[in-house]
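Take a look at the structures below.
The following pair of complexes shares a single chain, subunit A, combined with subunit B in the former and subunit C in the latter.
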Partner chain A sequence: MAELSRNYRVWAYLIFFAAILALPLVGDEFWLNRVAKYLCYGMLGAAIALTWGYAGVLNLGQGLFFGLGAYSMAMSLKLSSHTSLQQGSDKPIPDFMLWNAQPGAAPDLCCITPGSWLWLPFQSQWFGVAMAIVLPVVVATILGKIIFGQRISGVFVSIISLALVLLARLVLVDAQPITNGFNGLTDLGFLQVFGAEIDPYAVSTYYIIAVILIVVLVLVRLLVATRSGLVLQATRDSQTRALYLGYDVPAYQTFFFTVSAAMSGLAGMLYVLVAEFASPSFLDLAFSVSMVVWAAVGGRGSILGACVGAILINTIEAKVSEVEQLVEAWKAIIGLIFVLAVIFLPQGLAGFAHDVMRRIRERRQPAPTLNRELRQ
Partner chain B sequence: MTTLALETEGLSVSFGRFRAVDGVSIQVAQGELRVLLGANGAGKTTLMDLISGRTRSTAGRVLLEGRDVTNQREYRIARAGLGRKFQIPSVFGGLSVRQNLEVSLVRHPGVFANLRFGLGTTDRQRVSEILHLVGLADLATADAATLSHGQTQWLELGMLMGQSPKVILLDEPTAGMTQAETAKTAEIINGLRGRHTLLVVEHDMAFVREIAERITVLHLGKVLAEGSVAEIEANAAVKAAYLGTQEISEC
Partner chain C sequence: MFDILFIGLSLSSILLLVALGLAVTYGAMGIINMAHGEMVMLGAYVAVLANIWLGANLLLAIPLAFVVTGALGYAMERMVVRRLYGRLLDTLLATWGIAILLQQAIRLEFGLVFFGLHVEGLGAGLQNVPVPGFLQATLTVFGQELNTYRLFIVAVTVVLTVLTWHVLYRTALGMKVRAIIRNPQMAAACGIDVRQTNSITFALGSGLAGVAGVLMAGFRSVSPDMGATMVVDGFMVVVTGGVGSLLGTVAAAGILGEINALTAITFNEITGRAAVLLVVILVILLKPAGLFSFKGR
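Coming up: the complex of A and B.
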């Protein structure tokens, strides 16, 4: 019985992987570019499931890590854009910095605007790529050490993370001379990988993102299947019991919180490759809350479920947005979907699929089922 | 003289002006089963909180196998060899009974050391063994949240066996149990005896008679008496404090 139940989970993953790899057969580049963004959202959904479903930590500020990843990549790509090289200097300077420059400031990245020197290392694209993961990891580790080390849990973690993402957004918008504020970073160049350009509308770019998503999902699914993953779920159910068994609970929470942050940073980085912009809207509260809705609908207890939930909802959103009358209504619709999911599918679509599989299994083997139900 | 398994020296804690535990000194020898008796508010659970690091003491010391563990964090005291069962059973509801026991076999407490799959053969055997000892073998794949109250208590006792600490604190292990369940619990606890040192808080005198060797009676945060079951039952001061007979007769 356990064999079968494990098997259908593996099959679910395999079918999903095959589906996203087969999509280029049925759609054009523009459509694939849009789907690639959804795959990035899927990675975000999986990151939410890891903390919310497995660790019981509801992060309402996941957009912070996505934003860090996105901006790190976008800064590098901004510097390699053509416009940055045409600002009257032999070194690249982002156009908005010239507009924000103090009169008489030297047209150089080191000192054109206050703090513009922060951009210097981003002239290397690999630095931008690395920072997209390193920054979320560092921030999440520090946050985790503080929050979980102080035994803060439940709704308080949500409130802190929510406040942090709003604070970060405020700083980002306020630092106009180095972040271009509300306008975000647009007009980006392409990432160069071993001489090849990552063209957002190329099929190969879609494949790169699909394969990275597959690798991440497999790694995370294996990670939660380790003993550490089991202990993490134990801390979710009873922190006290886990502590009294001698487990260093804050270390477990911090580690998985950090993994989730790294996934989000990676998602943000990949998103910039296909969307060609980074904006403060990534740090909007509404965006972070949407991620939670994706995970809730897809199933927070399942890495794959939350990923599929994110892709599904965004696909529906895109379809709905094509009908003019429904554009404004979308927020109400997504709210309704969330409420219905919470009431009727508390474990999301993944939980529903799980129940269906169990029923099929029980129909095949009625005797032990009856026994088990009676005992329960 | 061999080192004591558990020793407290003048252990005290005050909440505001209220001294919940007031200079309690007890010595529990290796392999002993000690029962803590006392009326509500006598400080039994608070004493366990102090020993296990849940509450920080304001005075006194806790020695575990001769090692000073006073006011250390819970997981450090746990690693030093202390296990605890709470009054309200606390298990991992979202995990299966078997997984609960797997988690309780703490080989490595750190997160990176546990980035591995499955259990070793000996550990798997140990889990099966415990499942049988606590009578939950048939429910191994059930979610712990679906267990009855008594079964949950046994699972928690099973997890203590898995953790296998030198000293085990049990806070009212038979609270809310039927007679049959209580009898089975006594059997499980008697099975722990000898391999572990036990400190048990219990109200049910029938149950206490079944398991106890020595009894320490707490009253208003202080040790009132200590002795064998017979001695304690005959002790006038204990009768007065625990049953309140004195006050009743004086009225």
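Coming up: the complex of A and C.
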């Protein structure tokens, strides 16, 4: 039973990988650019499944990490855009900083607006890329240490993360002189990788993102199957028992929380590469909740399921939104799907697929399965 | 100083109005009702519709909204929430879905837009409710001018809080609810009909949200998404105060409202809101059980 189900899981992953790699054969570049965004959302879905399904920690503020990743990358790309380079200074200056400049301040990145020096290291694009992962990791580690160290669990983690993302959004919008507030960062340059430009509408960019997603999914899937992944699942099922068995529960929880944050940061960074903007809407509560919806529909207990759920919902949403009248109706449908999924399909589409496969197999060979289960 | 405290007091009373219903549902039933904000929104729309179609003023809309949202809450508990007891995070998700459904129902005028029909008072736009004349005056107390409508909100909040307290601590229903808060299994073993009590409690909490909505319709414009932020605020008040403690909820609403007013006036609106979020995060980190909580469960 175990091997069979493992086999089928491997096949599910392989089919998914083949599907996303084969997509450039059927679509034009504009469409691929859109799908690439959904692949980033897919990574977010997987990140949610990792903490929610495997650790039992529902993070309602995942957008914070996505936003950190997106803004780090966007800051670097903003500095390398044409408008920033042509402001009559030897160092690039984002256009909005000139509009917000302190009266009499030198047109230099170091001091044009209060806090603009924070942008200085982002002149190096690799610094932006690195920060897109490092910042979420640092924030998540500190947060995890405090939250899990205090043995806070369940709803309270959700509420804290929710309050944090709201707080971060307020600060982000309020810090207009360094973040361009509500407007976010637009008009970005391209990322240069070893002399080549990452063009959002190139097929090669799609492949880069698809391959990164595949690598991340495989790594995470392997990670949850390791010993520490199993301990994590034990803490989800009974935190007290895991503690009494001598496991350092907060350390495991913090580690996986951090991995999930790193994935979200990476997703944010890749998203900026294809979407060419970063905006405070990434930190909207509604966005963080939609991620949870994707994971819930796809299957919270399955990394792949949550990823597919995210891609599926967004693809359908894009199709439906082409008809103007249906935009609002679609939201209502999402609400309904969500209620039904929570009640009738608590393990999402992945759980449903799993049940179907097991039914089929049992019908095919009922006796041996029973025997093996009895022996175990 | 007095006027700032008064503004804080009226902010507190609005927080408390929203949180009161949540305190009942979350405290007694362990249900995180994310659709609570939408109940507030629907209460506000009852006021809008009652004004347009019945010519009723705000005061008359209060009992009407209580009945409508209470009935809706009852139906919601029967159809959805009941299946999810013991799955705390799932209640959060399912009720979130219901919240979206309710919002879209108002926006799409219950689907009538698809048939080209328009109901005045519904739809995606902003609505306003006129406040009766005697509530628009200003009152002078200690040389300070006070807005009568704000005073009215504070007064209604006090009345509702006292009523809720009375129901919880001085009636047979309240006795059952408190027994369920302490230990649902034991309560059931003692012959309390837990399911029935839960349905009524949920309806009561939703009804309170509806009343909050009517009062809100008097000082801000009504829109389908007005409830979304409210449930977060209300929930923070409940968690800060301590689950299942009415006194805690009242105190937390008072503290958070005043903090909001003080920081917002000393610095700006955004700092005020940030300060509240920060306090809530700190309270959960340092005292996860809330400021006022009893041992038990």
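Assume the second predicted complex is superposed on the first by the 367 of 376 C-alpha atoms of A that agree within 3 Å, B and C clash if a C-alpha of one lies under 4 Å from a C-alpha of the other, contacts with A are read in each partner's own complex, and residues count from 1 in each chain.
Here is the rule we use: a contact is a pair of C-beta atoms (placed from the backbone, for glycine too) under 8 Å apart; a residue touches a chain by one contact, two chains touch by 3 or more.
Source: prediction; values computed, not measured.
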- Message: Taking subunit A as the common reference, can subunit B and subunit C both be placed on it without clashing, or not? Answer clash or fit.
- Response: fit
- Message: For the overlaid complexes, name the partner, subunit B or subunit C, with more touching residues on subunit A.
- Response: C
- Message: Looking at A:L120, would you say it contacts subunit B, subunit C, both, or neither? Reply first, second, both or neither.
- Response: neither
- Task: State whether A:V289 touches subunit B only (first), subunit C only (second), both chains, or neither.
- Result: second
- Task: Applying the touch criterion given at the start, work out whether A:A251 contacts subunit B, subunit C, both or neither, answering first, second, both or neither.
- Result: first
- Quick one: classify A:R241 as touching subunit B (first), subunit C (second), both or neither. first
- Figure out whether A:L170 sits in contact with subunit B (first) or subunit C (second), or with both, or with neither. second
- Task: Return first, second, both or neither, reflecting whether A:S228 touches subunit B, subunit C, both chains, or no partner chain.
- Result: first
- Message: With both complexes superposed on chain A, which partner does A:M357 reach: first (subunit B), second (subunit C), both or neither?
- Response: neither
- Item | Nearest Cα pair across subunit B and subunit C, whole Å | 11
- Starting from the residues of subunit A touching subunit B, keep only those that also touch subunit C in the other complex, and list them. none
- Query: Where on subunit C is subunit A touching in the complex?
  - Reply: 32, 80, 83-84, 87-90, 92-94, 96-101, 103-105, 107-108, 114, 124, 228, 232, 235-236, 239, 270-271, 273-274, 277-278, 280-281, 284-285, 288
- Message: Could you list, by residue number, the parts of subunit B that touch subunit A in their complex?
- Response: 52, 74-75, 78-79, 83-84, 86, 90-95, 99-100, 102-104, 106, 109-112, 114-119, 138-139, 141-142, 144, 146, 156, 159, 163
- Task: Flag every residue of subunit A that touches subunit C in the complex, lowest number first.
- Result: 58, 146-147, 150-152, 154-156, 158-160, 162-164, 166-167, 170-171, 173-174, 285-286, 289, 292-293, 296, 325, 328-329, 331-332, 334-339, 342-343, 346
- Task: Can you check the complex and tell me which residues of subunit A touch subunit B?
- Result: 2, 223, 225-228, 230-231, 233-234, 236-238, 240-249, 251-252, 255, 372, 375-376
